[in-house]
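As written, the chain order gives the labels A, B, C and D, with residue 1 at the start of each chain.
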């Protein structure tokens, strides 16, 4: 069930090791683990070090890839990825086009939900990192394309764009979407957000731009208060094709 | 592909009709449509009224059920449902336990993502509404239980609670979760949120309480500004089982 | 101490009457009060109706004028007025120029703090309302000018603008300010805010644009939560003259 | 006009020096300034170094004391001080009682507005710092009391509390206030805020708890966006005495 090259978490005593199944070993202060053995192991069970110490085997969840996967830059935050999923109603029947892949964190979340994800990353070296992350996540329904989303073909239920957006991207997204499908864009700056809103308005129905201000509530002996760590990150504009 | 009793959107000229396939008719100013015919029809194609006017057939997305499904009270907002999905990394491999179903809107979103959803609603009449909504959404992987989540058995990857929460709920959620799985609670009031945080703290790792303040950006001829429509709704606390 | 034409609050049993001292009477279900008598009365004491029922005499505070004064449109909210006062450090030594007076609510707050306030309102009929409100507030240090702020002369410690702003307003504000003085602008829309920031940047030091999102905390038997009544209102940009 | 011991800003070429008039000298790379000479100088004019280089003389504003004055801990932020001033309508006619003085920053803002300020600081060493700051600000209407606010006597238009609050503080504030006067409390934690709200509710009218989330808008060549520097700091509860 675990494939060669797939990422696995090995857990012992509250410590997590993010390893790759296959040739290689993990050295810990509790002994050495042969990572080849993982391919015969069952997630949820344990594997032993050469000293006989058991380590728990866990298949990483998308949230683990957010923490551990190799990054090419700051990935979208889960709260923003969650907004895209919820506001488009992304589900198992969907073909999703994603562009501006970066390290592929959002693609990993989408890939765990949708029927298929095709993700475009114009920078070859980023596409390489993403492809590696996707492969390590064991997601066979995600295809990484090193190229320009403006060259994309096909038809999709959701188009998600996280890139230096232009009017052309919005027009092409519209052309690629099936009726009833959604465009969702992530734009950190207001100027880009205005381009999205103005271009989408006459093409789509229900163009709505969302801003999410996220905070954590902290609870200590001194008392409870919102943390001052804030997470404004960008604007998410959602538009539906009629 | 469309089953008897399943909900379908019929669309003509920007107007949406939320109908049920099977016995019955839809009367419009463009003529009458026999809804039995939908069971032989293909989503994405059209169906004609008795006057020969074509209506487009669309399978509703979770966002459509949020707009159209029968409600028993105020459902969770998509932004909050999205937070739960993203912060738990909900995906196709997951068995999800949901409790405090209400009309089942969150269950419809979860059901489109997870392998299985078992949702508990203690009020019989709400469970009935939910069961109807789930059936109309054509989701065969969602089971509605008219009963108390404290009686739930089995093991799950995600437990989501949106109910009058007590310490017992948190303890039972912990017992039901697989290692690495997530509890996510939705609590509108601070007092309930404190119960969740305090009970979860010694049981789980990474207990984090999130507050999302959502706004829309409005863009008119007069200018662009955040709308004053706000959407604080509740606190989402996420905790992971080690 | 109370002057002819000045506003006074008469209070009985939790009910407030916002009256004008001088010729006239107040009729209540507890009897009639001759408002001429107020000019000999002392705030903090009582006055009796013809039936001998005592009413408490109170000089209105700026917050009372916010509630009771005649309005020409939506006035600035106290939270925004407070931001202007605090971020400019407005105090008793200041000469303040205000423009875009409207009904003069902000001027009433400023007038209670600064040495002098000169406020410009280009619409004659608004200036009239404002002049009446200022007079009724008994503020002798506030001068209402029915005219264009671009014609203003003199030198000021604080310039506050709440109007359809142009680059010329920013330049003229700079010319009117004393070294160390502050410009504060209130702009509801982002486009105007950009004009302010871009024009002020090369002229002033410490140009900072603030956005305040205000909420109330509500506490009922069901529990405590942030109200969903929000009060984003506009952007306040503060800039200092070197 | 400048008194012995008073703080003055000396400005040259965009650089500010926060000095004390009286015995002593300021050494700069443009030469030395005899600070005794300041007592004969006029704010708004210049003073020369021994090398004949002119430095501009400026009387600090409250905002300058926020930046420069000696601190005993984190002072209230201007946005919160502004809220207190605006929501109480603080003005030149007011006698203000302040407690939990700290380094006296809020007192400096209040002292520039109100007729009189009496501020209580229970920690002797903090009171000393505050007294020094107030003296250097040249505010003769602010009295610093090293003592417990619960021992305060007199009558006031505004009571402002920024301390470890108890029910007794609220009750005593009520006793000290004149009718129509305001209590304003600043509490960083929710638990304290609940004490304030619950105690004030039956005593006062119009008990409202405000939360201010402040952000700055940043505008660079890359674009415009809200900064992620946030400034939640505490809850401000305002209540009025009938």
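Convention: contacts are C-beta pairs under 8 Å (C-beta built on N, C-alpha and C of every residue); 3 or more make two chains touch, one makes a residue touch a chain.
It should be emphasised that the depicted structure is a prediction, and the values quoted were computed from it without experimental measurement.
A.B. asks: In contact with subunit A and with subunit B at once: which chains are those? Just list them.
C.D. replies: Touches both subunit A and subunit B: nothing.
A.B. asks: For subunit A versus subunit C, what separation do you get between their C-alpha means, in angstrom?
C.D. replies: Comparing mean C-alpha positions, subunit C is 50 Å from subunit A.
A.B. asks: Pull out every residue in subunit A that's touching 2 or more other chains.
C.D. replies: 190, 213, 215, 224, 226, in rising order.
A.B. asks: With chains as vertices joined when they touch, what's the shape: line, ring, star, complete or other?
C.D. replies: It is a ring, because the chains touch in a row that closes back on itself.
A.B. asks: With touch defined as at the top, which chains are paired up in contact here?
C.D. replies: Chains touch in the following pairs: A-B, A-D, B-C, C-D.
A.B. asks: Flag every residue of subunit A that touches subunit B in the complex, lowest number first.
C.D. replies: 9, 11, 14, 44, 56, 58-59, 61-64, 66, 78-79, 81-93, 109, 112-113, 157, 178-180, 182, 190, 193-194, 197-198, 205, 208-217, 219, 224, 226, 235, 242
A.B. asks: Subunit A touches which residues of subunit D in the complex?
C.D. replies: Of all residues in subunit D, those touching subunit A are 188-192, 213, 215, 222-226, 228-234.
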